[in-house]
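To keep things clear, I will list the structure first and then write my remarks on it.
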Amino acid sequence: MGSTQESGTEGGVLTESLVVFLIISVVCVAGGLGVVFSRNVIHATFLLLVSLMGVAGIFLLLLAEFLALVQVLIYGGAITIVVLFVIMLTKSDEFESLVDNSQKPLAFLISIGLFVVMTVAAIAADNGNTVRASLKFSDLGHSLFTDWAIPFEVASLVLLVALIGAIVISKQGEEE
Amino acid sequence: MMLLDFTVMEGVQVAWLAPAACILAFVLIVSLRMFDSKIGSVISIVAIASGFAIFLYVFGQFNESGPAEFAREWFTIGSTKITLGMAIDQLSVVMLGVITFVALLVQIYSVSYMEEESRFGWYFGVHSLFAASMLILVLANNLLLLYVAWELVGLCSYLLIGFWYEKRSASEAAKKAFITTRIGDVGLLIGIILLYRTAGTFDTSTIIHIAQEGGFADSTLMAAVLLIFLGAMGKSAQFPLHVWLPDAMEGPTPVSALIHAATMVVAGIYLVARIFPLFEVADPSLTVVAVVGLSTAVIAASIALVMTDLKKILAYSTVSHLGFMMLALGSGAYVVAMFHLFTHAFAKALLFLSAGSVDHGTGGKRDIRQLGGLRKKMPITFVTFSIGALALAGVPPLGGFFSKDEIMMAVMDGRHPVFFLIAIIAAFMSSVYMIRALILVFFGDLKPENQEAHESPALITAPLLILAGISLVAGLVLSGWQDFFNAKHHDINFLVLALSLLASLGGLFLGWAIYSKEWISSRDVAAKFGDLEKYASNGYYLDVGYQWCIDRIVLVVARIVSLFDRIVVNDVAVNGTGYSVFLSGFKLRYVETGKVYNYALAMVVGILVVGLTIYWGLI
Amino acid sequence: MTNFWLFIPEFTITALAFGVIGADLFLARENKKYLPWISSIGLIVVLGIALNYLLGKQENLYGGLFLIDDFSMFFKVFFLILGLLVVLISSEYVKNHIKHPGEYYGILIFSILAMMLMAASGELLTAYISLELLSFCLYVLVASGRYGEKSTEAGVKYILLGAVASAFMLYGISQIYGLVGTTKFADMNLVLVAENSSALDLGLIMGIVFIIGGLAFKIAAVPFHMWAPDVYEGAPTPITAYLAVGSKAAAFALILRMMSSGFISIMEDWQMVIIVIAALTMTLGNLVALAQNNIKRLLAYSSIGHVGYLLMGVVAMTPLAFDGIMLHLVGYGVTNLACFMCIIMLYNSTGRDDVAGYAGLADRSPFLAMSMAVALFSLAGLPFFAGFTTKFYLFTAVANEGLIWLVGLAILNSLISLYYYLMVIKSMYIDPSEDTTVLVFSRYSLSVLGILVVFIFLVGVYPGPLVELIQEASQSLFSYIP
Amino acid sequence: MSLVHFQILSAALFSIGLYGVLARRSAVLILLSIELMLNAVNINLIAFSAYTESLASTGQVIAIFVITVAAAEVGLALAIIINLFRSKGSVDIDKIDVMRW
């Protein structure tokens, strides 16, 4: 099932790939933090794009080229654009006053708590495996269309329903 | 099954027709919306009359061929078949008779009593439904069906107490009855399910059989039996769950007579009698029954002494007598309990209907301080009320005398003498309050505002006379009763007999002395009742002494008890539970802020709490 | 090679959905009234096809992704009938209040497909994607109410919270996938049995809890219930009925299969938590319902209460308890639909959905008041109505496992619930109405309501055949456990 | 560099997204935060599939579905939000509490 590739070394030495990982991680996290702390919704959207492109980089590090491609195409090419459209359609100046709600401190605590729990879980379960495996496009495609044919078909219906729904709902306000 | 095969059928195969007829009446009245017309009452009375006819047939068959049972499958739970069926035995035949007969009389009475009401047909519809469910309750051969009927009966009671829902007190009372009895019902259903868990069936006779074979773990059986008893306590208004019954007097008087005196409230007694062998196996449980019964009898009687509302006096008297029945059950004599149930049903229905007649004749007065001297204006009611009162007071040879006496003997046999002594005191008090009510309502001077009082029409007095006749002779069936139940005759214990007689008559005399002295001048007494004048004047010291006793001891105790009753039991335990339930409902709703992020926070906190709980193995 | 005949109900129902949406494009505005007929006849045809081809089949497709057995068959039939009934109760409402009937019915039918898939899926991803299809359909349907009303608000709340819940569920799936190494329920069970993990590690717990959290959101169990009252109130009324019955039933179908064939070996770990959730859910639902004055909101809380009862069955984890859950789902479903049919009929003619709007209904429309009373009595679990039989079965099954106090709490809660149902009934029969015009309904509505009321009595009085079907279904579920 | 690094990154993104969901007032910003959470899931999935040979393609397949669903979700949610904006003139979550209690 594809080639395997040695990476990293023993003893926590900073390898090239680790450095790359750290840089991309910082981009991801910084972008994410920007999304949730930014006071400007347009900035937030662009920072989301930055963060998601970082995620695409992570996918590359994980040897999932196809996913990285999809990530860039869908998030960069579609989702962000749609969000920007919507922001333009709605009154963006409202966002200046629309910052955070009253439960912000609690939200902060809970998020930190969840992060701690998840990190502890990850560290506890770590099996120290440093070998990454990559997957051929054709294998992915084959598996998607044979083993996972049912979810695939259902996913197409999900998209269809979302499409119809979006049209129906946004047409509602017209002609009234 | 050939339902309409007119060859001789077993009683049990016809018995179900009685509730079926009543349900049919209910469905007809409700679906045809005959809420305002008189036809509703005709349908209902025809149904219950045919129920009575069925009883006569069933009774005849039963005397020939003995107990019988039949059942059909309803559905299965796992491997357990749930059946619905009817059983005919001594208990159910007796109850069948009492219910159909009293209900028939009460409905006839209601035609005249309720004629001015709107929703006249609705009243009869619910009456029919009540009769049907009560009949199902007593005929049921399994606990599940019994429970079903038990709930329906409670629902009808709720509807009828709240019949005059425009009156705030009536709808409050309905609600209170509903909530209070529900507390018991939870126990009942859990108890039944507990029995089912071990027995794998709801069939009453099978469960009893298994219990007698020792098939239940002691603790399970004990828990189940006590939980079921909790249900009986709620329905039969045993202390401290009795508080709903006096309030239930907000309903129409015929309803009080039928449901809250003669039939529904004895369902608890019937239930305990029905599964009596279980109580015998789960040994100390009968002591609980006896203690509850005894305390109910005494406490309610002492409260009845100080009540001024005629229906409330009767209500507390009912509670007290239900206590006597429980006491008899707790003393191991369920046959005696059933006998008292029987005599009490007629006597108390009679009293309530007479009270209703007073009410009807005086334009709605129920406070005994505003009544008085009615015996001339309402002679028939006077006679019937007196018979009822004396029967309950236990004056020989009326029905109540025999049944009370039997209870006393049973208590003497089955329990510690202390029980007996307290029971005698309760019996004594019941004489006092009965005579008090009798004197204050029918003797003395006629109040000027009551000059218009008149005797009630024949549709009202006829049922009164019939019930009075039965109360007069009910005691005579005693020996037949015990044979019918194959029970042993108690050896007559003359000490007990004498004491209980003394209690009844002493109570009557005392009441007479106190209440006629207080309301009529001694000269009037001397003039009217020459024989008694000597006693009254001789008994002056006694009079003062008893008055003192009553003022300083009985009244104080009674007030304390009734205060306790009002505040602790009523306001805190019953209303308090109700209110706290409501309050928490009303407070909790504000958690629902309408804000998405609050909702999301609740979810996330939920997830974290659940996860960490599992991780740390907290529960 | 996969036998595609086994997918025939799914294929045909997809075709039906497309057909309805397509027909909408070609039908003139005055002919749109035929859409519900097309949909319902189509659903009946699908039902016939499903029964004809799949009855009694036992198949395991795509290595356990998709299971055809009595359990999934039962739910398929249940969902198809449910969908049919929802189409029937929708038709008059849609005519008056919904702008795009074709899409409404089409998406409704897609959601039925989604529920069928959920009941049949034997694997996390398939289950998830089907759940997501259902959710999307419901988001659209919830938000499809008349412009400017509460519907949009309900839609926003539902989709945002639903997305959060689905993110958690996905994270859970990823954890399970990484740590257990498979997403198929049956294999998961094998791995978990083999590990024989007395103490689960945190990551795995996180996975399971996140997934349960996502499903708990769907069934609106406390504390994941908070969207439900708002969404139920805001959604178009037939959709509220559908949410309360369909999406819950589908999520329960999934939960039952997942718990019984995936997580049964680590039952001790999650059992206690579900007990607590069940207790909280039923208590909170019934208590808060006491304080409601909008009928849809009241029923939302009542349905939360019912979820509490159903969760007890999940805790008990026996075939008997599963029977109880399925039976109660059916009984509750029929009853709820009847209840909502009444609400829709009243809303269509008076525009009221607050409890006060029910005052004097008995005089204005005796049949409607009677049906509503029957439905409410059934929800309260009074004897001879569906609710009693099904609740009783469920409670008994749970008590059989020794959870007596939980059953006691449930009974207490049923009694509390009787109280608020009676408030509505009292309002209908007793309170005077300010408006005393007699309400007239179409023969169509009355007959649909009549059918539902008959069902309530049928399930209540003669549940035997239904119980037998359900027993077969739950047996097939437990046959997967080694 | 091993699996645990990626998992911690995923945890961080997930928590950041969650913070956004819990703390923001604009419906659009909440939606963006949810996207962050979904991406965290994807990192987790692909990391597992890359580091565990036996898991093979499943992780990537699931990730594809996650992206699909995320895209659809954004589309639908934005449509509903636009509708909300048209009827209320705002996308402020604090203002959509007509239905409560």
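When the chains are written out, they are named A, B, C and D in that same order, and each has its own residue count from 1.
In the analysis below, a residue touches a chain if its C-beta (ideal position, glycine included) is under 8 Å from a C-beta of that chain, and two chains touch if they have at least 3 such contacts.
Remember, predicted model here, so these are calculated numbers, not experimental data.
When the interfaces B-C and A-D are ranked by how many C-beta pairs touch across them, A-D comes first.
Look at where the CA atoms of chain B average out and do the same for chain C: the two points lie 43 Å apart.
Centre-to-centre separation of chain A and chain D, using mean CA positions: 7 Å.
A separation of 32 Å divides the Cα centre of chain A from that of chain C.
Remark: chain A and chain B have CA centroids separated by 71 Å (rounded to whole angstrom).
For chain D, residues that reach two or more other chains under the stated contact definition are 14, 17-18, 21-25, 27, 30-31, 47, 52, 58, 61, 65, 69, 72-73, 76, 80-81, 83, 87, 93-94, 96, 98-101.
For chain B, residues that reach two or more other chains under the stated contact definition are 589, 592, 594-598, 600-601, 604-605, 611. Shared interface positions of chain C, i.e. residues touching 2 or more other chains, are given as 125, 129, 132, 136, 139-140, 143, 147-148, 155-157, 160, 164, 175, 202, 206, 229-230, 291.
Chain contact topology: the protein chains form a complete graph, every chain touching every other one.
Chain C contributes residues 125, 128-129, 132, 136, 139-140, 143, 147-148, 150, 152-157, 159-160, 163-164, 166-167, 170-171, 173-175, 177-178, 181, 183, 229-230, 233-234, 291, 297 to its touches with chain D in the complex. Every residue of chain A that touches chain C in the complex is listed here, in rising order: 117-118, 120-122, 124-125, 147-151, 154-155, 157-158, 161-162, 164-165, 168-169, 171-173, 176.
For chain C in complex with chain A, the touching residues are 14, 21, 61-63, 65-66, 99-100, 103, 106-107, 110, 113-114, 117, 121, 125-126, 129-130, 132-133, 136-137, 139-140, 143-144, 147-148, 155, 175, 179, 201-203, 206.
Taken in their complex, chain B has these residues touching chain C: 30-31, 33, 73-78, 144, 148-149, 151-152, 155, 158, 165, 178-179, 182, 185-186, 189-190, 193-194, 196-197, 581-582, 584-586, 588-589, 591-592, 594, 596, 598-600, 602-607, 610-611, 613-615, 617, 619. On chain C, the positions that touch chain B within their shared complex are 156-157, 160-161, 164-165, 168, 199-200, 202, 205-206, 208-210, 212-213, 216-217, 222-224, 226-227, 229-230, 269-270, 272-273, 276-277, 284, 287-292, 319-320, 323, 366, 370, 382-384, 388-389, 392-393, 395-397, 399-400, 404, 407-408, 411-412, 415-416, 418-419, 422, 426, 430, 462-464, 467-468.
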